[in-house]
Each structure stands twice: as C-alpha cells, then as structure tokens.
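Across the two complexes that follow, chain A remains constant while its partner is chain B and subsequently chain C.
So, the complex of A and B:
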C-alpha cells in the first residue's frame, strides 16, 4: 500500500482477494486480518501521513495544502472502496482526519499570507469553502475556523471605529458604509463558503455586536449618519432609494446594545432639524421613526412623535395668530414654536433680558396662548431661536441673521455707540461664558459687526466694544455664525485613553429606569434574591440598554438607604419590599 | 411619674406598671422598689432576672448617678469619663457601648437619669463595686462576636452614634467605633479596610451617589458578616454576591495592594 501511495500502481483486485482471504482465515477468536494487516496498516498510514503533512505544510501555502489533503482523502476513499475491508474504512478516515486536518488546523488558520486572514480579506470563497468542507469532518477545527472569522470581524470593526474617531467623525457616512460593507462581505462568505452554516452566522452577529458595543461611539456615529441623511442626503431621492438608505441605519441599529445612547443623540439632532426647518423630507423623518418603532416599540419613539406633533401644532397656532393680525407688533414679525417640555431634549435656560419691543411681543403671544390653554406655563427658551436684524452701516444696509443673545447685544447699540463689557453684562444679564462667546462671535475678522478695543483673542474685564459702521459684506443678508463651544462633544471623549463617556442625561435616565424597574419588580415579588433581581432588571431593560450588574447593585443600595427595600433578616442575599 | 416611665425603669409590662402605680398611689420610687424586692404583686410574674439577694435599689442608683451628673441632671463627657475610671474600664472599651445598650441610651456622650437607672437595674447592680465585678462578665460577652448580645450591641451602636437626624455615620466616627468593637485578632481585614476608606473610600462612596464619605447602616451591618464570610485572604469572596458596592471596591483595592506587597 505504501508503494501505491507513493504513486506506484498496484493490482487492486489482487489486493482485494488477498485481504478478503485474510479476513476469512480468521475463524477462531483471533482475527488474522486485523492482526496481520489492519493494525500495521493503520500504524503505517498514521506515520506516513504525519510525515507527509508536516513536510507539506511547512513548504506550501494553505490553499495548496488543502488541495493536497483533498486529493489524498479522495485517494484513500478509493482505496477503501476497492480493496480494504469495510470495517477498516472508518478507522482509516479517523487517522486521516486527525493527521491531515486536526493536527494542523491551527497552523492552517493562522498561516501568514495564505491563512484565514488573507482569505477573508481577499474574499477567497473557494479556498474558504474547501477549508469549511475539510474542517467539517473535525468539529473542533470547524469551531476554530468560526472563531477565526469572529476575531477577524472584530478586528476589522474596531479598526473602523478607530479610523472614524481619528478623522474626528467628519464623514459618518464612511463609518456606516464601512460597517455595512463588512456585514455584506461576511453574509456572502457565510453563504458561499460556509454553506449558510447557522453557527457561522451567529458568530458573525456576535462579533459585530461585540465591537459595536465596546462603548457608545458607534451609536453616536450612527446617529450622525442618520442626521446627515435626514438633513440633506435624502433630498431628491425616490421613495424606494430613500427607504433603502434608512434601512441601512436599522441594520446597524440592531447590533447596538445601548440603544438609549443612539436615542439621545437622535433626539437632539431631530430637535435641531425640526426647529431650524432643516429637514430634507417630512415623510422620510416619519418613515425613520416608524422603523425605530418597529424595532423597539412605542415607548422608544413616543417622545419623538410628540416633537412632530408640537411642530405641527405650533404651525397651526402661528397661522391663527397671524390671521388674527396679532403677530406683527411694533414692526416686529414674530414666529413662535411651542414645545411640550417632556418631549424635547432638556436644557437649562440661561437668563437674559430681551430688548423692549421684543419683550412686549413675547408677552402678547404669551397672553394669547395662555388664554387658550389655561393652567399651562410658558418658559421662553432664549438660548435657542434666531433673529433677523436690519442694520444700517455707513451707507449700506444689511440684514443680519443672528442668535437671540447676539440680538440682545446688538440691540443695545441702538442707544449707544460704545459699550463696555460691564455695561453689556448688566443690560443683558447673560452668564459670563455665554456672553463672552457671543461677543467674540460678533467681532471676528470675518464678521466684524463690533470692534473690540483690546488686541488679541481674549476679552479683558475693562474691554469696550464699539459699533463698526465700516462693516462690509458682499452679501445683502449675512448669517453671523457662532463661535464653537469647546465643551459638548469633547467632554464625552476622554482623550487620555480614548474612552467614550456616556452623555450625562443618558446616565441619569438609566439610573431612574433601573430604580423604577427594581421597585416595580420588588412590589410584585415582595421578597427576591439578589441574583434573581439583577437578572430580572436586566431582562426588563434589555430593549433599551444593558445595565451593568454593579450599577444595579448601586441603585439597590440607594433604595435600601431610602427605605424602599431592606435586606431579609434570615438571608442577607435577599431583599424585601418595604411598603 | 407615668406608667410608661416606670416601665422604662423596671422593664416590666405596662399593665404591671399601672397596677404598681395604683398600689403606691403614684409614688414611682416605692413602686419600683417594691417590684424589685419581689413583693407580691397581683398578677405579676417576675422574670427572675435578678437574684433574690441583690435587689437594685433605685434610690441607691440615683445617688450613684448624682456623683457624675451635671446641673441638668445628665451625665455628660466628664461624668462619663469619671464613671469609666471608677468602674475600671478605659473609655475605648467596648464595655461602655454594652452599658449604653443596656441603658437604651439615645445619644452618645450623654446618659440621662432614666437611662442610667434602666441600665443598672437591667444589670442588677446598684453600686460601683457591684458594677466593677460585673465588668469582666460583660467584657467576656462582648468578645464573643458571634453571640447574640454582641450583635445587638453592634447594631445598637450605629443608631446610638448617629447625630440628630442624619441617617449615616461619618467615616471618622465609624472607624473609631469599629476599632472599639471589632477585635483585630478576629477581624484582620479591619486595618486594610481602614486604609482603603482613607485612601479611596470617599471617592467610592460619592460614586455611589451618597453624601461625601459617610457610612450607611447597610454597610455598617454588613461589614462584620463580610469579614467573616470572606476570610482573611478574601478566599471566599465572590464579586457577584450581594455585598454593598463599596466592599467590592475594597476587594479590588485589596487585590491590587496585596500584589504590590508581594512584588514590592
């Protein structure tokens, strides 16, 4: 046989008859076939293949090795069919699988430049298919193959996230597209190379979930992608195409564990879009929300829908107000959006004094609104909103589009040409940091509406600002942009270790949700063990985020201190609900 | 004096107290003495805590109290110090807490007349000499940290040491009390825990969303159990267990410090 393996011919029929003769010779308990032939045969086979495989693998690439293995397996199966005793065949196969496949599976997978990493990268479907088929014979090797795929996906994914971060999240599209490409790539690999193996598919999903959920960054980039699309990307697209774009978002959204982080950003961005009227298409917005609802249920989207309702109602209310001829007072045309506090992202309103004519417009509207809706309270959100000012410069008239605070500052110049920081501060009462930020925005080189007395970038305490009558601009209507705030996004990224910190409202919300969940559960169960409680809370909140067991523990302790719960006297590991 | 006050002194039930006052026409002193001297009282059943030989005399106890009390008829810091000296214990001895427990004292550093009476009566002593003899016995009970008595005194101490309406203890006070109550021989982890509290405790506690560096009752109660359960080397510690989070932080602290000691 050895000779045949070496490639020489053998009279197969002769072999068959010899072997069957040996078999028949075994009349007594002693099996001649086994002793005389099989055992040495198998031993020799083992050695033969051990050597051959070692040598071959060290000299050849992975795909080539696999082809050789395929060939050898085929050869041996023929041998088995032609002249080996049927009982020998499984034993032979076992040796083959062990020596040729199992012992080398790791080496094959990890082989540089031709192993799995290479195959995945280059979409070598055929090679992967061959590997899959071979490894299917050895479950352990197959598991290793799946693991290797998982690791590759995770690594690629993490690279994508890192790249996005390095680029400062400028093109969220790159990130999401990258993810989608990765996803598609492995969908094909699973189908073609792994024959739709369900365990492989699960592995893919698992790997995606792992790197997507390392921290909240993926959620944030995804939200930005959505914002981009809904702001301008979907403009002019047909219904089907727009829908498929939105679907992409959902595909990645499904991998997210901390969906509340996504919701947090989405809400903030939606509010900006709605209030500035910067939405590409109302229909697309609604469609996106419907999709999110489909994924997460009504609770997730109820506030978002509320925001839409508010905008619509505000529009209707303004129409009425206008028709009643009340919207133009003192020559000021005002448009108001009335927002239901619970739906919109919360922000603390900084105090500010509105210039007189505007103040009376606001009061007029307030009066009108509260007449219609008694029992409600209105709070003017002066940190939002814009104003169009008609400004007379030396001979030129321009229309300036500014924020509310900028307007407050500029209107002061109707009464004086030069004002000190202190005077402005007293008149307008905006807190220091915001005041400075707004003042700077009004005296940047590009938009020098005001001239700052001191040189340099900062504002000194005794600085003065004078109206710049020489201001010029090519445009008739100029938008004066705000100087960017350094807080906000930077605070979320702790650049020391590149760790993403949860936005503070998400953290706060989670605390409340966990506590509410604990109380709900304990109210029903009355007495419950620690582990069971933690598991139940996780289960209840799983559609929104994954609560860390330590966080749940902290909330339990807080509830113990506030006497909602107590530890059971008999079992310190269980808690009792205190009515 | 009312029936409930009499009850507070003698420890008898409210019904008996009413009966006694009735018999003695509202003279609580006599009523109490009668109770203790075991005189036959209608439907009274003595709990037999006191030996028939040594009846604590209220008047004697009161006299004794007056030696230490101040103008407000209360025993405060100086008085307590003298008291401790006279009975032969140092103020850091857990015995004083056991005494406070017997007195059901409300506030640390202050014993009222009633509380003093109750305590001495409950111990069955009415003089310094008698109490001194009992001190060794009390010390013994307190050193058995598994005993019911110890556990009760330990639990009592938390509320006793609390100030006013605050529901927690300061870290400083807690550490002092732990040092008094928990013998280091039996609780070798106490010192590392103290170190942990001083270094990172307030951060850890603040992170829990509590006021800065204060010890809550739950932690107070769980600490000895934790020390017992976990063993001197944290062998039996399980982070998935239901211990207060600060103890999990302590475990992590201990591990990183331990490692440092081994390698350093």
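So, the complex of A and C:
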C-alpha cells in the first residue's frame, strides 16, 4: 500500500483477494486479518501521513494544502472501496482526519497571507467552502473555524468604530455603511462557504453584538446617521427607497444592547428637528418611530410620539391664537410651541431677561394659555427659540435670523453703540458659557454684526463689543449661525482615556428604572432570593439595556435604606417586600 | 458582651447601632463605627481590626448604614473561606470592597 501511495500502480484485485483471504482465515478468536494486516497498516498509515502532512504544510499555502488533503482523502476512499475490508474504513478515516486535518487546523486557520484572515478579507468563498467541508469531519476544527470568523468580525468592527472616532464622526454614513457591508459580507460567506451553517450564523450575530456594545459609541454614531437621514438624506426619495434606508438603521439597532443610549441621542436630535422644522419628511419620521416601536414596544416610543402630538397641538393652538388676532402685539408676531415636559429632553435653564416688548408678548400668551388650561405651569425655554430681527446698517436694511439669546444681546444696541462684557452679562442674564458662545457667533469674520475689541479668539473679562454699522451681506435675509459647542460633552469622553461614558440622564434614568423594576417584582413576589431578583430585573430591562449586577445591588441597598425592602431574618440572601 | 450567647449578642449588637445614631440620622460616621466595632464585637470577629483599617482608608464610604453594620456580624460568623466569597452574592457592596481590599493587600 505504501507503494501505491507513492504513486505506483498496484493490482487492486489481487489485493482484494489476499485481504479477504486473510479475513477468512480466522480461527477461533484470532483475527488474522487484523493482526497481520490491519494493525500494521493503520500504524504505518498514521506515520506516513504524519510526515507527509508536516511536509506539505510547511511548503504550501493553506488552499494548496487543503487541495492536497482533498486528493488524499479521495484516494484513500477509493482504496477502501476497492480492496480494504469494510471494518477498516472508519478506522482509516479517523487516522486521516486526525493527521491531516485536526492536527493542523490551527496552523491552517492562522497561516499568514493564505489562512482565514486572508480568505475572509478577499472573499475567497471557494477556499472557505473547501475548508468548511474538510473541517466538518472534525467538530473541534470546525468550531475553531467559527471562532476565527468571530474574531475577524470583532476586529473589523472595532476598527470601524475606531476609524469613525478618529474622523470625528463627520460622516456617520461611513460607519453605518461599513457595518452593513460587513454584515452583508458575512451573510454571503455563511451562505456560500458555510452552507448556511446555523452555528456559524449565530457566531456572526454574537460577534457583531460584542463589538457594537463595547461602549456607547456605536449607538451614538447610529443615532447621528438617523439624524442625517431624517434631516435631509431622505428628501425627495420614493417611499420604497426611503423605507430601505430606514431599515438599515433597524438592522444595526438590533445589535445594540444599550438601546437607551441610542434613544437618548435620538430624542435630542428629534427635538431639534421638530422645533426648527427641519425634518425631510413627516411620514419618514413617523415610519421610523413605528419601526422602533416594532422592535422595542410601545414603552420605548410613547414619549417620542408625544413630541409629535405636542407640535401638532401647538400648531393648532397658534392658528386659533392668530385668528383671535392676539398673536401680534407691539408689532411683534410671536409663535409658540408648547411642549409637555415629560416627553422632551429636559434642560433646566433659567430664562434670560427678554427685551421689553417681547416680555409683554410672552405674558399675553401665558395668560391666554393658562386661562384655557388651569392648573398647568409653563416655563419659557429661552435657550431654544429663534427670532427675526430687522436691522439698519449703513449700507442697507437686513433681516437677521438669530437665536433668542443673540436677539437679546443685539437688542441692547438699540440703546448704546458700545457695551462691555460685564454690561451685557448683567443685562441679559444668560449662562456664562452660552453668553460667550453667542457673543463669538456675532463677531465672526463672516458675520460681523458686532466688533470685538480684543484681538484673538477668546473673550477677555474687560472686553467690549461695538455695533458694526458697516456690516454688509449679499443676502437681504441672513441667518447668523451659532458657533458649535464641542460635539461630545465632557461627560461623554473621558479625556486622556478616550473612553465613552454614559450621558448623565441615561445613568439617572437607569437608576430609576432599576428601582422601579425591583419594587414591582418584590411587590408581587413578597420574598425573593438575591440571585433570582437580579436575574428577573435583568430580564425585565433587557429590551432597553443590560443592567450591571453591581448596579442592581446598589439600588437594592438603597431601597433597603429607604425601607422598601428588608433582608429576610432567616435567610440573609433573600429580600422581603415591606408594605 | 463576651459571655453572651449568640442570640442575645446579636440583639445587643443591633442595639448598639441604634443607640449610637445621632437623632434622626439613619447612618453613623465611619470614624465612630471604627471606634465602636472593637468594643462591641471585638474578638468575636477575626476581621474587626482589618475591617476598621479598611473602612478608615476607603474613600466614598463615609457613613455606615444599619444594613452594613448587621451584615458585618453576619459576615464574620458565616464566611470562613474568603476564596469562596463572591461579589455577585447578596452581601452589601461595602463588604465586597472589603474582601477585594483584603485580597489585594496580601492579607491572605
């Protein structure tokens, strides 16, 4: 046989006869076939292939090695069919699989330039299919292959996230498209190369979930992608195309574990879109909410829907107000959006001082509204409004579209030409950081409505600002843009470490949700063990985020302190609900 | 306290906490707890000295709750092998931190 393996011809019929003869020559319990032939045959086979495979693998690329293995396996199967005793075949196969495949599986997978990494990268479906088929014979090797795929996906995914961060998240589309491409790539690999292997598919999903949930960055980039789409990307698209774009968001959204982080950003961006009227399409907005509802249930989207209702009701209310002829006071036309506090992202900011005529407008509206809705309280959100100002410059009159704060600052110049920082600060009572940001926006090179006395970018404490009568612009109506604050707030990026920390209101929400969940469960169960309680809380909140066991424990202790719960006297690992 | 049976001692131990509270404050300053523990529980717990040391040097645990106080007694009497201690159990986080400190400071 050794000779045949070396390639020399062998009279197979003769072999068959001899071997069957050996088999028949079995007296009593001694199996001559086995002793005389099979055992040495198998031993020699093992050695032969041990050597050959070592040599092959050191001299060949992964695909070439695999082809050789395929050939040898085929050869041996023929041998088995032609002249080996049937009982020998499985033993032979075992040796082949061990020596040719199992012992070298790792080497093959990790082989530089031709191993799995290369094959995945270059979509070498045929080679991967060959590997899959070969490795299927050895479950351990197959699992290694799946693991290698998982690792590749995780690494690619992490690279995508890192790249997006390095680019400052300027093009959210890059990130999402990158993820979708990766997803598609491996969907094809699973189908073509791994024949739809379900464990492989699970591995893919698991790998995605792992790198997507390393921290909240993926959630944030996804939210920005959604914002871009809903703001302008979907403009002019047909219904089907728009829908498939929105579907992309959902595909990635499904991998997110901390969905509440996504919701947090989505809510803030939605509120900006709604209040500035910058949605590409109302239908698309609704459609997106419906999709999110489908994924997470009513709870997730009820507040978002509330935001839409508020806008609609405000519009209706304004129509009425206008018809009653009450919206124009002192020559100022005012439009108000009344927002239900619980639905919108909250920010408690003290209102600034509004210029006189405007103050009366606000009071008039407030009176009108509170008459209709007694028992309610309204708080003016002066950090969110916009205004159109008519301004006379030396050259011509312009209409400036500005934020409320910008307006407050500019209106001061009706009474003076030059004002110091201190004077402005005292007059308008805007929070310091916002004050500075707005002042800068009014004296940029492109929009120099005011002239800043000091040179350089910053504002010094004794700086002064003078009205720039020489301002010109090609347009009659000019929007004075805001200078952007840093994209990520300090809370989100741990400087130096560059790690993503949860936005503070997400953290706060989680605390409340965990406590509510604990109380709800304990109220029903009355007495429950620690581990069971933690598991149940995790289960209840899983559609929104994954609560860390330590965090749950902290909330339990807090509830014990506040006498909602106590430890059971008999078993200190259990808790009892205190009515 | 040294000669009480366990049942009575436990009641006494709890009493000490309640007695030492200041008016309507539900928690006790850690410095006071650090002084109380050796007196009250003393040799009944092999952890008294070390726990006091841990408590005084730890940041963020400035006041001790009744639950934490009671749990220390429970801990002292029922946990004999710290290798078997798991921070995923029902022990208060303060004790999790103590065990971690204990282990990382080579006290084993």
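Criterion: the second predicted complex is superposed on the first by the 563 of 579 C-alpha atoms of A that agree within 3 Å, B and C clash if a C-alpha of one lies under 4 Å from a C-alpha of the other, contacts with A are read in each partner's own complex, and residues count from 1 in each chain.
Assume a contact is a pair of C-beta atoms (placed from the backbone, for glycine too) under 8 Å apart; a residue touches a chain by one contact, two chains touch by 3 or more.
Treat the numbers as computed from the prediction; the structure is a model and nothing was measured.
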Looking at the superposed three-chain arrangement on chain A, would you call chain B and chain C a clash or a fit? clash
Looking at A:386 after the superposition, I want to know if it touches chain B, chain C, both of them or none. Which is it: first, second, both, neither? neither
Considering only touches as defined above, state whether A:61 meets chain B (first), chain C (second), both or neither. neither
Once chain A of both complexes is superposed, is A:560 in touch with chain B (first), chain C (second), both, or neither? both
Which of the two partners, first being chain B and second being chain C, lies in contact with A:538: first, second, both, or neither? neither
For chain A, which residues belong to both interfaces, chain B and chain C? 529-531, 549-550, 553-554, 557, 560-561, 567, 572-574
Per the touch rule, the chain B residues reaching chain A in their complex are 167-168, 207-210, 216-218, 221-222, 225, 240-242, 244-245, 248
If we count contacts the way the header does, which residues on chain A are in touch with chain C in the complex? 529-531, 534, 549-550, 553-554, 557, 560-561, 567, 572-575
Residue positions on chain C within touch of chain A in the complex are 26, 65, 67, 70-71, 74, 87-90, 92-93, 96
How about chain A: which of its residues touch chain B in the complex? 511, 529-531, 549-550, 553-554, 557-558, 560-561, 567, 572-574
